[in-house]
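The structures come next, written out as C-alpha cells.
Common to both upcoming complexes is chain A, partnered first by chain B, then by chain C.
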Partner chain A sequence: MQEIINRAKELLADGTVARVLGWRIGDLPYNPEPSYFETAEDLEKNFVYDGFCGANLSKYMIEGSKLEGKTLVFLKPCDTYSFNQLIKENRVDREKAYIIGVGCKGKLDVEKIKAQGIKGILSISGAEIEGDAETLTVNTLYGDKTVAYKDAMLERCHVCKGKEHMIFDEEIGESKDTKDADRFAEVEKIEAMKPEEKFAYFQKELSKCIRCNACRNVCPACSCRKCVFDSTKFDSAQKANADSFEEKMFHIIRAFHVAGRCTDCGECSRVCPQGIPLHLFNRKFIKDIDEFYGDYQAGADAESKGPLTSFTFGDVEPGVTGGRR
Partner chain B sequence: MQRIGVFVCHCGSNIAATVDVKKVVEMARLEPGVVHAEDYQYMCSEVGQAKIAAAIHEKHLTGVVVCSCSPRMHEATFRKAAEKAGLNPYMVEIANIREHCSWIHKNIEEATEKAVILARAAIAKVNLNAPLKAGESRVTKRALVIGGGIAGIQTALDIADAGYEVDIVEKTPSIGGRMSQLDKTFPTLDCSACILTPKMVEASAHEKINIYTYSEVEKVTGFVGDFTVDIRKKARSVDMTKCTGCGVCQEKCPSKKAPSEFNRGLNNRSAIYTPFAQAIPNVPVIDREHCIKFKTGKCGLCEKVCQAGAIDYTQKDEIITEKYGAIVVATGFDTIKLDKYDEYAYSQSKDVITSLELERIMNAAGPTKGHLERLSDGKPPKNMVFIQCVGSRCSDNRGKSYCSKICCMYTAKHAMLIRDKYPDVNVTVFYIDVRTPGKNFDEFYRRAVEDYGVNYIKGQVGKVAPQPNGQLLVQGVDLIDNKQILMEADMVVLATAIEPDPSVRKIATMLTASIDTNNFLTEAHAKLRPVESPTAGVFLSGVCQGPKDIPETVAQAGAAAVKAIGLLAKDKLMTNPCTAKSDELLCNGCSQCANVCPYGAISYETKLINDHGIREERRVAVVNNALCQGCGACTVTCPSGAMDLQGFSNRQILAEVDAICR
Partner chain C sequence: MSITANEEFRPKIVAFCCNWCSYAGADLAGSSRLTYPADVKIIRVPCSCRVNPMFILRAFEKGADGVIMCGCHPGDCHYSTGNYYARRRMALLFSMLDYIGVEHGRTRVEWVSAAEGVKFSQTMNEFVAKITSLGKNVRLEDLRCRK
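Coming up: the complex of A and B.
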C-alpha cells in the first residue's frame, strides 16, 4: 500500500495529475469509501488499499473527466473492463485519466464474515494485499476469530476475470486469479426451474428491494446523464413504485438497459443492502449473448462494437429460429 | 386535450358479423378526449369519408381514430380524407379491428371486447399525437436490377425502353440465369436458348442498359428514390475491353477439372471459362481456385495464347458506387439440396438425377451432347422413373411446405420429349397430384398421357435402391389400385423442389426487404401489391417472390418494371415524417444508436448545453431526417430514452400498452 501512496504523491508533486481518485479509510474497518485526494498529507493519512476496497472507481471518472487536469485513478483488473466500456461509450476521457493498475488478490465481503456467526467486529487483519492472503483474523468484542480469506471473498471474485489489467499507464502490485467457480452455474440453476418456480424465486428476491437505487448509482453501465427512472419525460418513473409487480419492472428494465454493456463487475450485488443477487439478471443476458453471438466480454477493449449494437450476416436470429449457436 | 372522433367501420359483415360495432361506438364515447363516435357500413367509401370530413368540421376534431381494417390497407385513404378536411394527416390513427380481431375470432362477446380495447389503445395514442409534416426528397432516374436471369433481363428491357438507365448486376460470368440451362420450354416446346438468347443480346446491346456480370451487390444505403449501392466487380482476370471471345484460352487451359456450374457439375470445365457458348458477355473469367497460375505461379498458358493480350492476372476486385432511384430484385432460384432425402439414393447413384440435371443431359450443348444416357455407364436407359414433389409439399421439415409449381409441367415435358425421341423407353411418373392450371397446360399433360403413353401412377416412392447389376430398384405405392409397386429402372429423375437463391438473404438484409420463412421476398400486399416489397423503392421480379414458370416470370418482370418506371417518372417524393429525433438534453453521446442505425442517419456533434444551470460541452446525437427511415432501432437501443420516434414515441406506445392492460 505504501508503494501506491508514494507513487501517487510523486505524480501529484510533479504535476502529472491534479488529484488522486482512490479509497479513503471509512468509519468502520471494512468500509473504505471512494474519494478524491489532492494533497500528500491527505494521502498519507487517509488513503487505504486492502481487501475491502471492492469499489470500482471507473464510474467516478465520468465526473473526473470534466475536471481540470488529469486524475490519477486506481483500477483493479476487473475495474479496467468497466473503464474500457466507458471509453467506448464516450463517457470518460482517456486523456484525462492516469491509470495505475493495482494488484488484487480477491476482494472481501463483510456479509460473508458475519454470515459465519461473527459479531461485534472491531478490526480485521490479514486483508492487506501483501502476502498470500490466506487467513483473516477478526478482532471482535468477543475475542479473536479466524476466517479463511477465500470463504470471505465476494461472489464475483470466485468467478474472477483474471489478473490482467485491460488498460493502464502503469501497474503496481501482484494480482491473483481467484476463479474457483463456474460463472454461469447459478444462472443454469434458474434456467432449469419451471416457470412458476422461477417466478417464485424472483418474487422472493426482488420483494426485498427497497428502491434505494444503490445498484443503479454504483453501476458503471448506468451512467446516463438522466436516468429514465428519474426523468419526468417518461412514464417509467411510476413503473418503479414498490408494489409487488413494479419493483420487478425496475430491475428488469435496468437489466435490459445494461445488456451487452455490463462487464459483470458485480458492483450491483456488492452494494445491495438487501443482499439481492442482482448480478444474476445481467449474467443471464451475458450467457445468452455468448450463446447467440459467441463469447463476448464487454470492456475487453475500448473499440469494438458489442454484439447487440452490431450486425453480421452470420448472426443467429433468435426470434426466427429460437436457436442457439 | 385533443378533440377526438372515433369512426367504427362495419366492413359489410367482415367486422359487423363478429364485432358489436354499436357497442364499440358506445364504449369509445367514454374514453378521454373523445367528442364524437359513430359507425358506418363502409368507412372507406365516399360516403364514409364524407362522414369523417363532416365531423372534423362540425365538432372541430383535432384527432381521428378509425376502427377498421389493417392500416396497411386504408391508413393512407383515411389520412388523405382527413387532410382534405383540414386536419394534419398524422392526427389519424387506425385501430385494426378486422385482421387483428373480427377475422380471427368467432365469439361475438370476446371479439367485441377486444375491438373496444384496440379502439381504446388507438385513442390513447391519438391523445399524444402531434401534427407532423412530410419533407421532400429527390429521385435518381436510374434503376438497378439484381439478377440477370429472364426476370432481370425482361425488367431491365422494359425499364430501359421507357427511357431510363438500368444497371443489371449478375453474380455469375454471364447473364441468362436458370432459363439458359433449360433445353425446351413448356407448353409449346420452344427451344429455351432460341427464345432467350435474343433477349440477352437485346439487353446487352441496349444503349440504356449497362450489365455488370461476375459482380455482386456489396452495400446498399439510402432510401426510395435515392439509393447508393456499392457493386463489387469481381476480378475477371481478363480485360473485357481487349478480349475478342475467340475461346482459344479455354481450349488450351490445362486445368480442366473444375466442375461446370452451368452443367450442374455433370462434367468439368477449364479454369478459364465462359459458362456456355452463347454467354453474354462472351468474355471468359479465370476461376482462381482452379487456375494453376494462381495456385502455383507456373503455367500462364492462356496469357501466351491470347492474341489480344487480354489476360491480366493482376486484376483486382473493383468497387463501383452508383446511385439509383429504384431497385428490382430478380435473384431467382436454385434446387434444394437432397442430403435429407437418402431414400432416393441421389448421392449413391449417378443414375439418380434432378430434373435440372436432366435438362442439361437432354441439351445438345450438355455433358452428353443431348444423348439420353446413364451417367454411370453411358448406356441408353430402357426404363425411366420420374418422382414428383421431392422436397415440395413436404409435411415434415426436411423439405418445403409449398408446391414448387413448375414440376408437374416440366415432368410432363420431359416424359413427352423422351417418349417422342426414344419411343422404346418406358416412362413412369409417380405423383401426389398433377397440377396443371394455366393456358394450354392441362392439354399438354393429357398429351403426355394419351398420345405419348406416359405411365402416370398416383402414389409416392418410398425407396430407390441401387442394385449390384447397376439397376435401380424403385419401391413405390399405387394409391388408386391400392398396391405396392416394385420396379426396376435405369434412371430415376427427381422433381426437386426449388427454393430462392441463397444469395437473396444477404440482399434482402441489405435492402431491409422482408422475406418469409422460406426465404421468398414478401410482397407489400399479397393480392394488391404483388410486385412491390414493403420496403419503398424495392420491387420483386421472378421466383425470388414465389415459385413461378417462365410466362409468369416475364409477366411479373414487366409489372415490376412498370412500378419502377412509375417511381422514376417522379421528380420528387414526399418523405416519411415519422423519423427519429434526439433529445439533446438527455443524450449521453454513447454512440449506440449510431452503431445500430442501418441507414447511417445518425451523426454526432459537440454542442454547448445549458441544462438546469449546468453549462458544458456535450457530444450529442443528431439525426439526418432525409436518411432516417423511422425503423426505431435507435429508440430501443438508447438507454437514456433520448432517442424517440416521431409518430411512434415511447410515450405513445406505452400509452397504448397501458390502455390495453387497463
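Coming up: the complex of A and C.
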C-alpha cells in the first residue's frame, strides 16, 4: 500500500495529475469509501487499499472527466473492463485519466464474515494486499476468530475474470486469479427448475427489495443522465406490495438496460443492502448473449460493437429461444 | 366489468404491429373478411424496433394475458434494419421471462407482411387459443392496476 501512496504523491507533486481517485479509510475497519485526494498529507493519512476495497472506481471517472486536469485513478483488473466499456460509450475521457492498475488477490465481503457468526468486529488483519494471506484474523469484542480468506471472498471473485489489466498506464502490485467456480452454475441451476419453482424463487428474493436504487447507482454501465426509474410516470417510482410484478419489472429492466454492456463486475450484488443476488439477472443475459450471438465479454476492448447494437441475418428467432413456444 | 364464475374466460391480448407490414396485414385481413377474435387489441408502432421491452412488461402489468409483437419479415424492414435489432431484444427478453418463471407462450413474435392477411388472422386465432388455454395472467400482473 505504501508503494501506491508514494507513487500517487510523486505524480501529484510533479503535476502529472491534479487529483487522486482512490479509497478513503471508512469509519469501520471494513468499509473504505471511494474518494478524491488532493494533497500528499491527505493521501498519507487517509488512503487505504486492502481486501475490502471492492468498490469499482471507473464510474466516478464520468464526473472526473469533466474536471480540470488529469485524475489518477486506481483500477483493479476487473474494473478495467468497466473503464473500457465507458470509453466505448464516450462517457469517460481517456486523456483525462492516468490509470494505475493495482494488484488484486480477491476482495472480501464482510457479510460473509458475519454470516459465520462473527459479531462485534473491532479489526481485521490479513486483509492487506501484501503477502499471501490464507486466513483472516478477526479481532472481536469476544476474542479473536479466524476465517479462511477464500470463504470471505465476494461472489464475483469466485468467478474472477483474470488477473490482467485491460487498460492501464502503469501497474503496481501482483494479482491473483481467484476463480474457483463456474460462472454460470447458479444460472443453470435456476434454468433447470420448473416454472413454479423459478417464480417462487424470484418472488422470495425480490420481495426483499427496498428500492434503494443502490444497484442502479453503483453500476458503471448504468449511467444515463436521465433514468427511466426516476420518472414519476414509471409505476415503480413508489414502493409496491411485494406480491406484485413491480419488483420483477424493476430488476428485469435494470438488467436489460445494461445487457450487452454489463461487464459482470458484480457491484450490484456487493452493494445490495438486502443481499439479493442481483448478478443472476445480468448473468442470465450474458449467458444468453454468449449462446445466441457468440461469446462476448463487454469491456475486453474499447472498439467492438456490442451484441445489442449489431445483428446478423441469421439470428435465432425469439419464439424458439429459451425453450419457448 | 366484473367477471363471474359462469362467464367464459376472454383473454386480453395486446398486439404491437408495425405500421408498414403487420398493421397493413391486419387491414388486409379485415378487407378480405377474415376473422380473428376481438380480444386482440392492436397498438400500431412505427417499427417493431420501437417496441421497448418495457412496453411488453407494462402491458402485462396492466392486465394483459398475452402480448404478441408483429413486424416486417427480416430483410423487409421499412427502415432497413429495425426488425433485426428488435429480434435480438425480444429473444433476450423472452428468455428472461422464461427464467423468472412466466409460463411459456404468453409472448410471441411473428413476422407478418402487408400481403399476409391470412397469416395475420391465423396467427391471432392460434395465439388467442393458446392464451385461453393458459388462462389468466397472474404472475405478471400488478395488483394495483386491477380494476
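Criterion: the second predicted complex is superposed on the first by the 298 of 325 C-alpha atoms of A that agree within 3 Å, B and C clash if a C-alpha of one lies under 4 Å from a C-alpha of the other, contacts with A are read in each partner's own complex, and residues count from 1 in each chain.
Operating definition for what follows: a contact is a pair of C-beta atoms (placed from the backbone, for glycine too) under 8 Å apart; a residue touches a chain by one contact, two chains touch by 3 or more.
Values in this document were obtained by computation on a predicted structure and should not be read as measured data.
**Student:** If you count the residues of chain A that each partner touches, which comes out higher, chain B or chain C?
**Tutor:** Comparing chain B with chain C, the partner touching more chain A residues is C.
**Student:** Check the residue A:Phe313 against both partner chains and state whether it touches chain B (first), chain C (second), both, or neither.
**Tutor:** Both chain B and chain C are touched by A:Phe313.
**Student:** Based on the superposed arrangement, let me know which partner A:Val228 touches: chain B (first), chain C (second), both, or neither?
**Tutor:** Touch partners of A:Val228: chain B and chain C.
**Student:** For A:Phe292 in the superposed arrangement: first (chain B), second (chain C), both or neither?
**Tutor:** A:Phe292 contacts chain C only, not chain B.
**Student:** Classify the contacts of A:Lys119 with the two partner chains as first (chain B alone), second (chain C alone), both, or neither.
**Tutor:** Touch partners of A:Lys119: none, neither chain B nor chain C.
**Student:** Of the partners chain B and chain C, which touch A:Lys208 in the superposed model: first, second, both, neither?
**Tutor:** Once the two structures are laid over each other on A, A:Lys208 reaches no partner at all.
**Student:** Output check: A:Met249 vs chain B and chain C. Expected answer is one of first, second, both, neither. What do you get?
**Tutor:** Only chain C is touched by A:Met249; chain B is not.
**Student:** Once the two structures are superposed, pull the chain A residues common to the chain B and chain C interfaces.
**Tutor:** Residues common to the chain A contacts of chain C and of chain B are 228, 235, 308-309, 311, 313, listed in rising order.
**Student:** Quick check: in the complex, which residue numbers of chain A touch chain C?
**Tutor:** 187, 190-191, 193, 195-202, 228, 235, 240-241, 243-246, 248-249, 252-253, 255-256, 259, 281, 284-285, 288-289, 292-293, 307-309, 311, 313, 315-319, 321-325
**Student:** Which bits of chain C are touching chain A when the two form their complex?
**Tutor:** 53-54, 57-58, 60-61, 74-75, 81, 84-85, 87-105, 107-110, 139-145
**Student:** Which positions of chain A touch chain B when the two form their complex?
**Tutor:** 66, 88-91, 223-228, 231, 233-236, 257-258, 261, 305-306, 308-311, 313, 320
**Student:** Which residues of chain B touch chain A once you look at their complex with the stated criterion?
**Tutor:** Per the touch definition, chain B meets chain A at residues 505-506, 509, 517, 583, 585-592, 595-596, 598, 611, 616, 619, 637, 639-641, 650-651, 654-655, 658.
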